[in-house]
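Structures given as C-alpha cells follow.
There are two complexes below, and they share subunit A, which is joined by subunit B in the first and by subunit C in the second.
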Partner chain A sequence: MIAEGAVQAGCRFFAGYPITPATGIFKGMVDMLPAQGGLALSAPDEISAIAYAIGASLRGIKSMTATSGPGWALMTESVQYALMTETPLVITLVQRLGPSTGGATQGAQGDVLFAEYCTSGGYTIPVLCPVNATECYTLTILAFTWAELYRTPVILLTDKEIAMTAERIDDDVLPNMTAQERLTSKSGSAVGTYDFDFPQEIPAFRPVGGLEKVTVTGSAHDKQGRLQKNTPETLEVLKHLEEKIRWRENDFCVVETDLQKGAESLVVSYGVTSRAAAEAVARARADGTKVSFLGIKSLFPVPRRAVARALKGIRTVFVAEENYTGLYRSVLLPLLGGTEVRGINKVGSMITPQEILAALSEPA
Partner chain B sequence: MSQANLHIVRETYLREKPVFPFCKGCGHTLVLRKLDEALDALQIPPRDVALVTDIGCIGLADALFATIHTVHTTHGRSTAFATGIALADSVLAERRLKTIVLIGDGGAMIGLQHLVHAAMLNVDVTVLVCNNFVYGMTGGQGSSLTPEGFITATTPNGNVVPPIDLCGILKNSHAPFVARALATDRSLTETIREAIATPNFALIEILELCTEYASRRNRLGGSDLRDLAEQNGWQLGQIVKRTDRQPYFSRMVPTNGQEHRWEGRRIEAIQPPTHALRKTLGVVVAGSAGERVQSSAAVFSEVALGEGYSVTQKNDNPVTQGTGFSLSEIKIGPEPILYTAIEHPDVLAILSADGWREAVAAGWMERLGSDSEVFLDEDIPVDFNGAHLKRLPLRRMFGAEWTAMGLLTMLGVKYRIASFVDLLQAIRVAFGDRAADAVKTGYDELKKNEAVS
Partner chain C sequence: MNQSYEIVIAGFGGQGVLSLGQIIAYAAMIEGKEVSWMPSYGPEMRGGTANCIVIVSPTRISSPIISRFDSAIVLNQPSLEKFEPTVKPGGFLVYEVSTIIHAPQRMDIDSLPVPALMEANKLMKKQVANMILLGAFLARKPVIEVSNVMSALAKVLPERHHHLLPLNEKALEIGTALGSTISVEQN
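== the complex of A and B ==
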C-alpha cells in the first residue's frame, strides 16, 4: 500500500536495496513504476539508493527510497544532504528489531529517535507513522505532499508488523487523494536557488537542468546557494531550515483522538502498538473503566496542541511503544507536566492488548 | 527546451577572470581550464550542463562556473547523486543534460562502488578523477591511489600499500569510456570533449600535482608524472572506447510507450456478507518452509475477504527463506480487526516437525485457551494430549505441498467461512488443477474417515 500510495502521489523514481522487512515496497515499485513511465532500480548499497533518489529529485522528479534500520544507518549522511539542500524526498523506514542487524523478521519501534535525530545540527524532519494498510496509502501520499510543500525529506516510519501484514482494505473508503505537485518558480524570475524574504518562507524549487541556473550545495550557503562560512545571510539560511517547519508545526498534526468524558487515564501510542492500545481501551471501556486514547501519526514535529488537549482532566498517562527505553515517551515527557507518566514497553514481539490492560489496572 | 536556450549567446562556462582558490602550480586549475575549453568546443547550452562536485579542493570548483548548474555534494557520493540526476533526465525523456563529476582520488575510493555502478548501468555521466595521490584539503594524507614509496602525512617513511588501478577496475566494470591522462597533456581537452560528447558513462583519471603536499615531500615535478605512471604500470591514453553498450534507461522502458494505470489487486465481495462467523477467529498454521504455508494462508485469506470478512494475515519465518519453520497467523471476523497478532489461538494447526518446534519455542502451546482446537499431523513423533486435539494424517492425505491448503480448506468449510466449491475454485486459480485435485482427494479421504465434521 505504501508503493501504491507513492505511485498515486506521483512518485516516478525509486532506488532500493533489498532489506527485510522493506523489500516488499521495493518490489512493488519495480512492478508498478515502469508502466507509469517511471523508473525503479536496484542500487548497489543504501548510500547509492538514497543518493540516486536525491539526484532524481534534484532533476525534478518525485522520488522515494525504502529501508530498515541497518540501511537507514548508511543513509543518514544523505538524508542530511537532502535537508540542507531542501530537496523533496520521501524515505520509508520499516523498523525491525535492533540494535545492529537485530532481527530481520521481527517488528519493533526502536528507530523513532534514530529517524528523527539523524542530523548533525538537530533539525526537525517530519515523521509520519501509519497504523494500518489504509494509512500506509494515505500517509504516503501525505508524506509526498509535505516533502513538496516544504522542500524537505519526510520519513514514513513503519515496521515489520505493518509493512508485512496483509489485511483487508475497503477500496470504497480509500480517499481519492492526490499529492502536492512540485512548486516551481516562474521561469525568468531572477531569484536564487534558496531565495526567501522571511525565514519561514519556502523557496520555490528549480530543477537541475532547468532554464535557470541552480546552485546546490550541502555546505553552509547563502540564498544563492553559494558556499559561505558564517555570514549573516548564511546564518539566516540555517535558521530558515528549522523555522520553515517549526513555524508551521500545527499544520503537521495528524492524530487519532478518542477521549472519554471523566477519564483520568490516557493511553498514548503510535504505529502498530496503537492498534493494541485501541483494542485495550475498547475492552477497558466494556468493563466500565473510563479511559482516553491518543494515537499519534505525525510523530514529528510533535503535535503539542493535540497532546495538550488530550490531557484535560488526566492524572495518568500511559505511553505504549515497542522498545525498551520509552523513546517517544522521552519526547512527550516535557509536555506531560502535572501527570504521572508510565511506560508500557517491550521488545521482541508486539505488545498485546492484555498487557496494556494489565498496566492500566496496576495501582499507582 | 533546448530551443529556448538558443538565445543565450555564447556564455563562457567558467566565470570571467576566475580566481582559482588553489595553490600555485596545483593541477586542478589546469583541469578546470581544459574542462571549460571542452565545453566551449562542444557549444553545449550552459543550462544543459550539471556539474556535480565532490568534497576536497576539487569540490570548490563549482563556485568558479557562472552559468551551468552546479551541485556540490558529500564526500565520495558525487557520482551517485550525478547518476540519480542522469537517470531522472532519462525518465523525463529530455535526454539533453550532460552531467559531469569532479572528484579526487580520496573520493574515488570512498565512493568506488558509485563509480563501478554508474559504469555498470552506463549512465550519461562523465567523471573526471583528479588524482594528485593525496588528500590535499586535510593536510596531505595518503589515499588508496598513493604510489608505493610515496611520502605523505600518514606515510612518513614511504607508502608500503600498493595503489589500486582505478582505470583497470572501471574497465572491468564495463565502463564504455576509460582514459588516463596527465593534467599537463595538451590532448586532455580533446579527451574531455570526447568523454562528454559520448552518451555513455566515461571516466578520465587525470594525474596531477598537489604542489603543497605531494611535490615537496616527494620531489615531484610536472615532468615527473609520466615517469611515475610508467613506474607504476599505469597505462596512459585511451584505455577503453566501446560503442556496443546501450544506456541503462533505454534498456528499461517499455518500448510501446503506453501508460498503464495500475489497478491493484481488488477483491470484490462475491455476495453481501452474511457473516456466519459471529466473532473473530484466530488461526495459527505452523509448518515447514517451502510447503506453501504462507501462500496457502494468503489464498484462504482472500477467499474470506471475498466473503466480506475483515481479515489480517501476519507471517513469521526464520531469516532464511527456504529452511526451517513457516508460520501464518490469520484473523477473520465480522468487525474490523485492530490488533493483528493472536493472543489465544482458536485453532492451532501444526503440520510438520518444524512447525511443532516453533509452536513450542514461540510459546503457542502455552497460549492455548480452554476451547482452542489443535490439529496435529499424525506423523509428527511427539507426545501431546489436549482437550481438543485432533491427530490427523494430514500430510499423507494432502501431500506435503498441499497440507496447509488442505487444512485451511477444512477449516473454511467447518467454520462456514466459505463453501468448499468456492475454496476449491480459489485454489485452482492460485495454484492450478494439481493443487485443487490434491486438496479435493485429501478432503474426501478425511471425510470418509469421519475426521471432518
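== the complex of A and C ==
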C-alpha cells in the first residue's frame, strides 16, 4: 500500500536495495513504476539508493527510497544532504529489531529517535507513522505533499508488522487523494537556488538541468547555493532550514484522539502498538474504567497542541511502544508537566492489548 | 459467524504455513469479511520455524496480535509445544501426526490428529500436506466456505504453479473427508 500511495502521489523514481522487511515496497515499485513511465532502480547498496533518489528529485522528479534499520544507518549521510540542499524526498523506514543487523524478521519501534535525530544539529525532519494498510496509503501521499510543500526529506516510519501484515482494504472507500506538485520557480525569473526574504519562507524549486544555473552543495552555502563559511547569509540559511518547519509545526499535526470525559489516565501510542492500545482502552472502558487515548501519527514535529489538549484532567500518562528505553516517551516527557508518566515497553514481539490492560490496572 | 475468529498456523519454513494462512485470509476476503494475516518467521526461509496469525472478523480488526487463539493448526513438534497452551479453553487444535512424538495433553480443547503428510505422499506431492490439514480443519470449523478456498489458492499460488491447482483441490477433498471421519482425541 505504500507503493500504491507513492504512485498515486506522483512518485516516478524509486531506487532501493533489498532488505527485509522493506523489500515488499521495493518489489511493488519495480512492478508498478514502469507502466507509469517511471523508473525503479536496483542500487548496489543503500548509500547509492538514496543518492540516486536525491539526484532524480533534484532533476524535478518525485522520488522515494525504502529501507530498514541497517540500511538507514548507511543512508543517514545522504538524508542530511537532502535536508541541507532542501531536496524533496520520501524515505520509508521499515523498523526491525536492532541494534545493528538485529532481527530481520522481527518487528520493533526502535528507530524513532535514530530517524529523527540523524542530522548533525538535530534539525526537525517530519516523521509520519501509519497504523494500518489504509494509512500506509494515505500517509505516503501526505509524506509526498509535505516533502514538496516544505522542500524537505520526510520519513515514513513503519515497522515489520505494518509492512508485512496483509489486511483487507475496501478500495472504494480509500480517500481520493493527490499529493502536492513540485513548486517550481518560473523559468527566466531572477531567483537563486534558495531564494527567501524571511527564514520561514520556502524557496521555489529550480530543477537541475533547466535553463538556469543551479548550484547544490551539502556544505554550508548562501542563498545562491554557493559554498560559503560563516557569512551572515550562510548562518541565515542554516536558521531557515529549521525555521521553515518549526514555524509551521501546527500544520503537521496528524493524531487520533479519543478522549473520555472524567478520565484520569491517558494512553499514548503510535504505529502498530497504538492498535493494541486502542483495543486495550476499549476493553478498559467496557469494564467501567475511564481512560483516554491519543494515537500519534505525525511523530515529528511533535504535535504539542494535541498532546496539551489530551492532557486536561489527566493524572497518569501511559506511553506504549515497542522498545526497551521509551524513545518517544523521552520526547514527550517535557510536555507532560506534573503528570505521572509510565512506560509500557517490550522488545522481541508486539505489545498485546492484554499487556497494556494489565499495565493500566497496576497500582501506582 | 458474529464474532471474530482467531487462528494460529505454525510449523517449519517450507511446509506451506504462511501460504495456508494466506489462503484462509483470501477466502474470507472473498466472502466479504475483514481479515488480518500476520507472518512471523526466522531468518531462514526453509527449515526455520514459521507461523502466522490469521484473524477473520465481521467487523474491523483492531490489533493484529493476540495471545489466545480459537484454533491452532500445527505442523511440527516445537510448534505444538509452543502453541498448545495458547488455544482458548474449548478451542480446537488440528495437527500433522507424523512428526509428533508427544501428543497434545490439554483436556479442555479438542485435538484432531491428521496423517496429512502420509496422505500427501500418496498423491506423490508432499507439499500439499497443508491443504489436507486445511480441509480437515474446515470440516470441523467452517470459518470459510470450502468452495472459496480454490479461488483463494489461485491468488496465493504463483501462476507458474497453476497446473498444480487440481492436485491441491484433490488434497483439500481428502482433508475434508479425513476431518469428518477421524475422531477428536479424548485425553
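In this section, the second predicted complex is superposed on the first by the 364 of 364 C-alpha atoms of A that agree within 3 Å, B and C clash if a C-alpha of one lies under 4 Å from a C-alpha of the other, contacts with A are read in each partner's own complex, and residues count from 1 in each chain.
Convention: a residue touches a chain if its C-beta (ideal position, glycine included) is under 8 Å from a C-beta of that chain, and two chains touch if they have at least 3 such contacts.
Please read all numbers here as calculations on a predicted model, not as lab measurements.
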{"item": "Partners on subunit A (subunit B, subunit C) - clash or fit", "value": "clash"}
{"item": "Touching partner for A:362 - first (subunit B), second (subunit C), both, neither", "value": "neither"}
{"item": "Per-residue touch tally on subunit A - higher for subunit B or for subunit C", "value": "B"}
{"item": "First, second, both or neither for A:276, with subunit B first and subunit C second", "value": "both"}
{"item": "A:264 touches, of subunit B and subunit C: first, second, both or neither?", "value": "neither"}
{"item": "Partner chain in contact with A:354 - subunit B first, subunit C second, else both or neither", "value": "both"}
{"item": "First (subunit B), second (subunit C), both or neither touched by A:164", "value": "both"}
{"item": "Shared contact residues on subunit A - subunit B and subunit C", "value": "103-105, 161, 164-168, 272, 275-276, 278-279, 282, 349-350, 352-354"}
{"item": "Contact footprint of subunit A on subunit C as seen in their complex", "value": "22, 25, 29, 33-43, 61-67"}
{"item": "Subunit B residues within the subunit A interface of the complex", "value": "1, 4-5, 46-48, 50, 60, 62-63, 66-74, 77, 80-94, 96-97, 113-114, 116-117, 121, 248-249, 252-254, 257, 259-260, 262, 264, 266, 298, 301, 305, 309-319, 337-341, 343"}
{"item": "List of subunit A residues in touch with subunit B within their complex", "value": "4, 7, 12-13, 15, 20, 32, 34-39, 41, 43-45, 47-48, 51-61, 63, 77-78, 81, 103-105, 161, 164-168, 171, 208-219, 226-227, 272, 275-276, 278-279, 282, 349-350, 352-354"}
{"item": "Subunit C partner contacts - residues on subunit A that touch it in the complex", "value": "103-105, 161, 164-168, 272, 275-276, 278-279, 282, 349-354"}
